[in-house]
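Read from first to last, the chains carry the letters A, B, C, D, E and F; within each, the first residue is number 1.
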Amino acid sequence: MKELIEKARVLLEALPYIRTFAGKLFVIKIGGKVLTSGENLHQFAQDVALLRLVGIGVVVVHGGGPEINKLLERMGKKPKFFQGLRVTDNETLKYVEMALARLNMEIVRLINQYGGRAIGLSGNDSACIIARKIAPKGKDIGLVGEVERVDAEVIQRLVREGFIPVIMPTGVTHNGEAVNINADEAASKIAVSLKAEKLMMLTDVDGVLDKRSRHVHSMNRRKVRRYLKEGIIAEGMIPKVQACLGAVEGGVTKSHIINGTVEHAVLLEIFTREGIGTEFIA
Amino acid sequence: MKELIEKARVLLEALPYIRTFAGKLFVIKIGGKVLTSGENLHQFAQDVALLRLVGIGVVVVHGGGPEINKLLERMGKKPKFFQGLRVTDNETLKYVEMALARLNMEIVRLINQYGGRAIGLSGNDSACIIARKIAPKGKDIGLVGEVERVDAEVIQRLVREGFIPVIMPTGVTHNGEAVNINADEAASKIAVSLKAEKLMMLTDVDGVLDKRSRHVHSMNRRKVRRYLKEGIIAEGMIPKVQACLGAVEGGVTKSHIINGTVEHAVLLEIFTREGIGTEFIA
Amino acid sequence: MKELIEKARVLLEALPYIRTFAGKLFVIKIGGKVLTSGENLHQFAQDVALLRLVGIGVVVVHGGGPEINKLLERMGKKPKFFQGLRVTDNETLKYVEMALARLNMEIVRLINQYGGRAIGLSGNDSACIIARKIAPKGKDIGLVGEVERVDAEVIQRLVREGFIPVIMPTGVTHNGEAVNINADEAASKIAVSLKAEKLMMLTDVDGVLDKRSRHVHSMNRRKVRRYLKEGIIAEGMIPKVQACLGAVEGGVTKSHIINGTVEHAVLLEIFTREGIGTEFIA
Amino acid sequence: MKELIEKARVLLEALPYIRTFAGKLFVIKIGGKVLTSGENLHQFAQDVALLRLVGIGVVVVHGGGPEINKLLERMGKKPKFFQGLRVTDNETLKYVEMALARLNMEIVRLINQYGGRAIGLSGNDSACIIARKIAPKGKDIGLVGEVERVDAEVIQRLVREGFIPVIMPTGVTHNGEAVNINADEAASKIAVSLKAEKLMMLTDVDGVLDKRSRHVHSMNRRKVRRYLKEGIIAEGMIPKVQACLGAVEGGVTKSHIINGTVEHAVLLEIFTREGIGTEFIA
Amino acid sequence: MKELIEKARVLLEALPYIRTFAGKLFVIKIGGKVLTSGENLHQFAQDVALLRLVGIGVVVVHGGGPEINKLLERMGKKPKFFQGLRVTDNETLKYVEMALARLNMEIVRLINQYGGRAIGLSGNDSACIIARKIAPKGKDIGLVGEVERVDAEVIQRLVREGFIPVIMPTGVTHNGEAVNINADEAASKIAVSLKAEKLMMLTDVDGVLDKRSRHVHSMNRRKVRRYLKEGIIAEGMIPKVQACLGAVEGGVTKSHIINGTVEHAVLLEIFTREGIGTEFIA
Amino acid sequence: MKELIEKARVLLEALPYIRTFAGKLFVIKIGGKVLTSGENLHQFAQDVALLRLVGIGVVVVHGGGPEINKLLERMGKKPKFFQGLRVTDNETLKYVEMALARLNMEIVRLINQYGGRAIGLSGNDSACIIARKIAPKGKDIGLVGEVERVDAEVIQRLVREGFIPVIMPTGVTHNGEAVNINADEAASKIAVSLKAEKLMMLTDVDGVLDKRSRHVHSMNRRKVRRYLKEGIIAEGMIPKVQACLGAVEGGVTKSHIINGTVEHAVLLEIFTREGIGTEFIA
C-alpha cells in the first residue's frame, strides 16, 4: 500500500504542470538516433500519448536522413549533398518520399498502440506546407525547397478534435511539385504557424555546451548570436539552434533542444521543474 | 536523473487508466472523518483536481452530520433522531443549511486551490433535487425528504464545461420547501441521473467484511442480498451498501465503498489494477 | 370583459420597455430591510422571475448585515466595526458565511418558486471574485477584502443559459483565503465586468435628496462630486452612490438607487417612463 | 404610485401564462372583418409582437376574400364560386395573388411597427406549401388546390431565429403551378406540421353556440361530430370547426375559435384563466 | 460517347471559376425586357439555380416598371413621373406593391422549379430596407424614397442557409410607411451591405459604348466620371452606371452591366474568361 | 458567342444531377491501368475536384499492385501469390507500404492541383481500418488481412469539412500490426461504413458482359448470383463484382463497375442519364 501511495504522490506532482499546459500545443521534432532505436521510439510514443490524454495538444514532425540514405544505397544510388542539402533529382525524391512515408506510418502506429489517435500527414496533404525551391549559391540542387507558408488550418482542426498529426517534411510548390524540405525548419515554421507553446527538438546530444563544455540551461537571442559568432555552436547544431531561435522569434513561448535518447525525455522536460537540455527564449 | 525517469514511468503506468476513463463521469461522496480531517480533505481535493485535469468528469456530494450536530449543540439544540433520520423542525433546518453550506464552501475552496474549478450547489439551485417529505412509520419528523427526481441538466452542463459541482444534500419539494435529505441516497440518485461511470462512497472503513472479517473485493446484487439477510452487512454500512446497489441497478457501471482516510484513496482506487475497498456490480 | 381588456392594455404598455431591454443584463443589489421583510422579498422574487421570462438577463447580489449580526449575537460574539468595516476574525468569517449562505438559499428558493431558475454563487465558486485584503489606516481588521477582479465567465455562462445567478459577497484571495467583501462594491464590480446595462441598488430610501430634501431624479458625475463635497450625500448613502458612480464610469449605461420597500419597485423602475428613485449616468 | 403598483400587479398576473407558453408555438389565423378593420388589425399586431417578445413563437396565416372580391370587381371580373370554392382561371389567380400579397405586406408592416420582426411568406417561398388541384364533383374549377404537404423547415428556421412568419394562402403544385388554397385549411395544416401548441382561428363571432344559442366553452371530437350531425354547427362555421378539429387530431394541443373583433382578443385568450371563445381538444 | 466526353470537358472548363467564386455572394438585378420575356426569365432562373448549387450565394433584386404601368393603366390611372421618379400617391403605391409582388412570386416560382430554394422578400420584411422620403427640387412626389440603410442580417441568414432571396424594391421609413424605391439603387446598396463579390445589372443593352459606339470592356472610377461629364453615358444608362460605381466604391469587388436578353447571360459572364458586357472596378 | 451559349447549355444539363447528388457521398476505387496512365489519372483528379466543388462528398480508395511488383523486383524480391493473395513477409510489407504511400501522395497532389483539398490516409491513421489476418486454406501467407471494422469517424469528419480523403489499402490488427488488404474489399467496406450513395469501381473494362459478350447495364443480386454460378463472371472480375454486391447489400444505394480508361469516366457516369459501365442494385 505504501508503494501505491508513493505512486499517487508522483502523479500529483505532475498536477501543476498539467494545469499549466492543458489546452496548449507542443510541436515535437524527432530525428536521428531517436527514430532508429526501437526502444527510444516506443518511449517517445508513450510520452506523446500521455501528453495528449492529459489535455496537451501535440504535433510531431520527423526527419529520416539515415533511412533515406539506406534506401538510396539499396537502390544503388549514392546520396549526394551540396552545402548540407541533399541533391534531389526526380528518382531521389521518389525514394525520399518512400522512406519518409514508411517511417511516418511506423510512428503513427506506435502512438496509436499507446492510445493516442495519430494521423500521418505530409506537406502535400491539402497542400498544407507551401514551399519554394532553393538554389544555394545559384546551384540547381533539384527538388529541394524551403518553407514559404504553412496552412495551419488542417493541422489545427485535427489537433482540436483530439488527433495527433505526425508530419513528414515534404512541401509542395505553387506549381504542385513535391520538394524535399529540412525537418528542423519545417518543425520551426509549423510551431510558429500554430502559435505553439513549445517547440521541442529531440536530438542525441544533451543540448548546447559552452566554451568549457559545460551544459547551458537557457539561452536568449543575444547569447545565441554570440555563441554562433564565436563558433561555440557549430556544425550540425547550427540548424537546430536556428530553428529554435526562429520559433521563439515567431511567437512560440519557448523552444528546447533535448536529448531524445534519454528515457522518457519528453516527460522529463515537461513534468520536472528544471527540465533537461537547453531552452531558448526570445 | 534515474529518479526522474522512475517518476516518468509512474506517470506512464496511469496511461491505460486515463485512457479508459477520459470523458467518463465519477460521482464521489465524502462524509464523516474524511471531511473533518484537514489532511484527508486536502488530499481529496488534490485527487479530484487531478482527475478533472486528465479529462475525467467529477461530481462531489458531501454529508456533514458531525458539523451539523456541533452547530446545533452550540445553539443549545439537542440533535434528535428517529430511525436514524434527523428530526428537523424549521429552526433545525436553518442550522443544517448553515453547517452544510459552510462545509461546501470549504471543499469548493480547497479544490479550486489545487487548480480545479469547483462550484457549490444545493438541491435548491435551479431546483435540481426535487424531494418529497417522508414520515417513517407515519411519524412526522419535519423537513426530511427522499429524492424524487434529480434534474441533471444544470449539473451536466457544468460538468461539460469543465467545472466540478460540489453538492450538499438538501432538496426542495414541489411546494418549494427545503428539506434535509440523506447524502448517500442523494449521491446514488445523482449518479444514476447523470449516467455516471462510477459512484465512489468514501467512508472511514475499508469496505465490506465477510463473516470471518475478511475484506470482500467485489459483490453483485445476489451477494449483497444474502449478506444483508444474514446480517453480515449491518448498521451504518446498510445505507451505504444500498446506495451502491441502487446506483448499479440504475445503470451506473460500478460503485465502490472505499476508505477515504487512506492517503489519496481516490487515485489509488482508479489508477491501480486491483483498486482498494469493495466494488459493487449489477 | 372590460376589466380584462384593461389588463391587456397594461400588458401592452410594457411592450416598448421589454423591446428595449430584451437581451440586456441587469445587476440588482438587495440589502437591508428589503431582505428581511418577507413580503418585499416575495415581490422582489416575482419581479426578477418576470424580467427573466421576458428575455432580460438578471444577476442578483445581496448583502446580509442584520442576519450576520443576529447570528453573531446568538453565538455570543459582539459584532465589531472599524470605519464601517466588520472586523472579521476566523470565527466571525465562519458565521458571516453561514448567515449569508442561508439567506442566499432563501432568495434562490423564492425566485425558483416564481418560475425563475436561480443558482446561488459565492465568490469562491470557480474563484469568480478575486479579492485582496485591506487594512484601513494600516489597521489589521482580519478577513476583509476589496474586489480585485471578477471572473465574469462562469456568471456569464449561467446568464446565457437562462439561469439567474444569486451572488453572496465573499471573495477569495490569491492564497485561497475567503474574505468578507462589501456587497455594494461587489455589485458594482460585477456589473462592470459583465458589461451590464443597468445596476439597480435596492435600499429602503427613495434615492438622493437635495439640500431642501427634494428628491433628485438624475445625477451625473459632476453633480455627484459636488453633492459629496457639500455633504448633501452623507453616511450610509455614500458607499451606495459611489458604487453607482463606479459602475457607470466602468461602462454600465445607467445605475439606480431605488426604494426596494415600495411594492414591485424593480418593475416600476423598468416599465414606467419616469422610473422611481435616483438614476446615475456617466 | 398606487396606480403604477396596480399595473405591476397586472404584469405579474401574466407570469404563470408566460411561463407555461414560453418556447411554445402558436399558429394564428386571421380573416374577415378582423383584417379589414384598421383598429382590430392594429391591436392584433400589438398582441402578436408582445407574444413574440415574451418568448412565444407565432406564425400568422391570413385569408383575404373580401379584398380579392373588391379587386376582381375593380377589374370588371365577377367573382364566381362553386360549392364555396372560388373558380380560379389564370387571370383570377393573378388578382388573388395581388390582393393577398398586398394584405400580407400590410400585416407585416404593422407587426414590425410594434417591434416584432415579421416576414411575409407564401406557399411558393421555397415551395413550402405543396398542394394538389381539386375538382369538386369532378368539376374543373381551375387553379384551386388542397394542401398536400407543408415543408415546415423554412418556417421553423424563421421562428427559431425570432422572426414572425406571416403566410398568405397559396400553394404550389408538383408542376410548379400556383394554386389558391383555403386559409383555414392552410392554417390547420401548418399548425400540425409545426407541432404547434395552439391554433387560434380569429373570426367575427364568439365561437360555437349550442342549440339554445348558449356559448360553448370547450368541445372534443365526439361533441363536434354530434353538433355537425345535428346541424348545430352550420355554414361558414363548418370549415373553421373542421380546421380546429383537424389540428388537434394532428397533434396540436388545443385549437380555438375566438372573436377577433374583441379588443386584444389574442392576449385575452392566452393570459386569462377562462379564455374567450370555444376551445377544441382531441 | 465522343459527344459525351466533349460535354464533360465543358463542365471541367467551369472548374476554375467555380473554385474562385464558391462561398462568395453575387447580387443580380433584373429588370425591363429580361423580366417580361418568358424565355429570358426561364434561362435566368436556371442560371441562378445552377450558381447556387455550385456553392455561389445569389441574391436577386428586380424592378417592374412596365408591369406597374400596365396595372395602373388597367385601373384607369395614368402613370406620372417627375425627373424620372414615379409620382406615388397612396393608391398608386398599392398598385406598385401589387404588381411587384406578383412579379416577385413568378420569379420565385421559376427558380424553385429549377431546383433553387428561392424566397420572396420586400423591404418591409423584418424592415430590412430602411428608406427616407425624397422630394426632388423640393417637390412632394409622394411615397418615393431612397435607401437609408439595409439591414443585411435577414438576407444574410437566408443566404447562409442555402436560400435565394428575391427582393422587390420597396422600403419602409422610420415611421413604418412603405415607399417606392429605385431597383438599381436598391441592388447597389444591398450588394454593399452584404459585402458582395459581384453586382450584376441585367439590362437589354450590351453595356457601355464609347464615343465611336465601340463596346467598353472595363471601366474604373475615373473613366466613368469622364464619360459622364462628356455625355457619353447618358439617359437611362446613368443610374445603372452610378449603381455599379456606388457598389465598387462601397467595397463590392466588381460590378457589371450585361445584356440579359442574351441566352444564359449570367453563366456566360461568370464562366468565361472575357465575360460579356462592361465591368466596373474601383 | 453561339459556342459560348452552347457551353452554358451543357452546364445546365448537369443541373438535375448536381441537385440529386449534392450532399451525398461517393466512394471511388481506382486501380490498375487508370493509376499508371498519367493522362487517365489527371482526368480522374479533375473529375474528383469538380464533384467536390459542386457539393458531392468524395472518398478515393486506390490499389497499386503493378507499382508494388515493380518495387519488389527492383529490390530483387520476386512477388509471390497464393490464391490471388500476395504472400507478405515483413520485408515485403515494407515495400508494399512504400509503393502505396508514394502512389497515394501522387494522387493527393494531383487532386490538390485541380483545386480539391485531398488528404492521404492509410488504415493506420487513427487506426481507421481494423483488420484480422487471414490464412486461406490454413496456409500462413504472412501480413495479409481482411477488413474487420472501418472506424468511419475520421473519414467522415474530413469529408464533412470539405476534404477529399485518399485511402491506401492497409489495415492494422488489434495487436497494432500493419497488414496488406485488398483494395476492392476496402473500398466496399468503407462505402458501407460511410453509408455512401455510390461505390464506383474504376477498372479497365467496360463492365460485365453477358454470355454473348453484350454489355450488361444493370444487375441485381439474383442476376449476379446466376452469372457467377454459370461462370459468366470470372477471374479478375469476381472480386470486383463481389465488392459491388457487398456494398449494396450493406446499404449503399448503387455500385458501378466502369471503365476508368475512358476519358472523364466518372463525370460521364454521374452526369448522363444512362451512365456507362454496369450498375449493381440490391
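The rule is simple: a residue touches a chain if its C-beta (ideal position, glycine included) is under 8 Å from a C-beta of that chain, and two chains touch if they have at least 3 such contacts.
These numbers come from a predicted model, not from an experiment.
At the interface between chain D and chain E, two copies of one sequence, more than half of the residue numbers in use are shared by both copies. The equivalent interface to E-F, defined as the listed pair sharing over half of its contact pairs by residue number with it, is C-D out of D-E, C-D or B-C.
Relative to chain A, the most remote chain by averaged C-alpha coordinates is D.
Chain E is reached from chain A by a rotation of 120°, derived from superposing Cα atoms (nearest 5). When chain centres are set by their Cα atoms, the one at the greatest distance from chain F is C.
Separation between the centroids of chain B and chain F, computed from CA atoms only, is 55 Å. A straight line joining the Cα centres of chain A and chain B is 46 Å long. With centres taken as mean Cα positions, chain F sits 67 Å from chain C.
Among the residues of chain E, none is in touch with two or more other chains. Chain contacts in this assembly form a single closed ring in which each chain touches exactly two others. Residues 1, 4-5, 7-16, 18-19, 22, 46-47, 49-50, 53-55, 114-115, 262-264, 267-268, 271-272 of chain D are the ones touching chain C in the complex. Residues 74-75, 94, 97-99, 101-102, 104-105, 108-110, 112-113, 117-122, 124-127, 154, 157, 161, 163, 170, 172, 176, 178 of chain A are the ones that touch chain F when the two sit in their complex.
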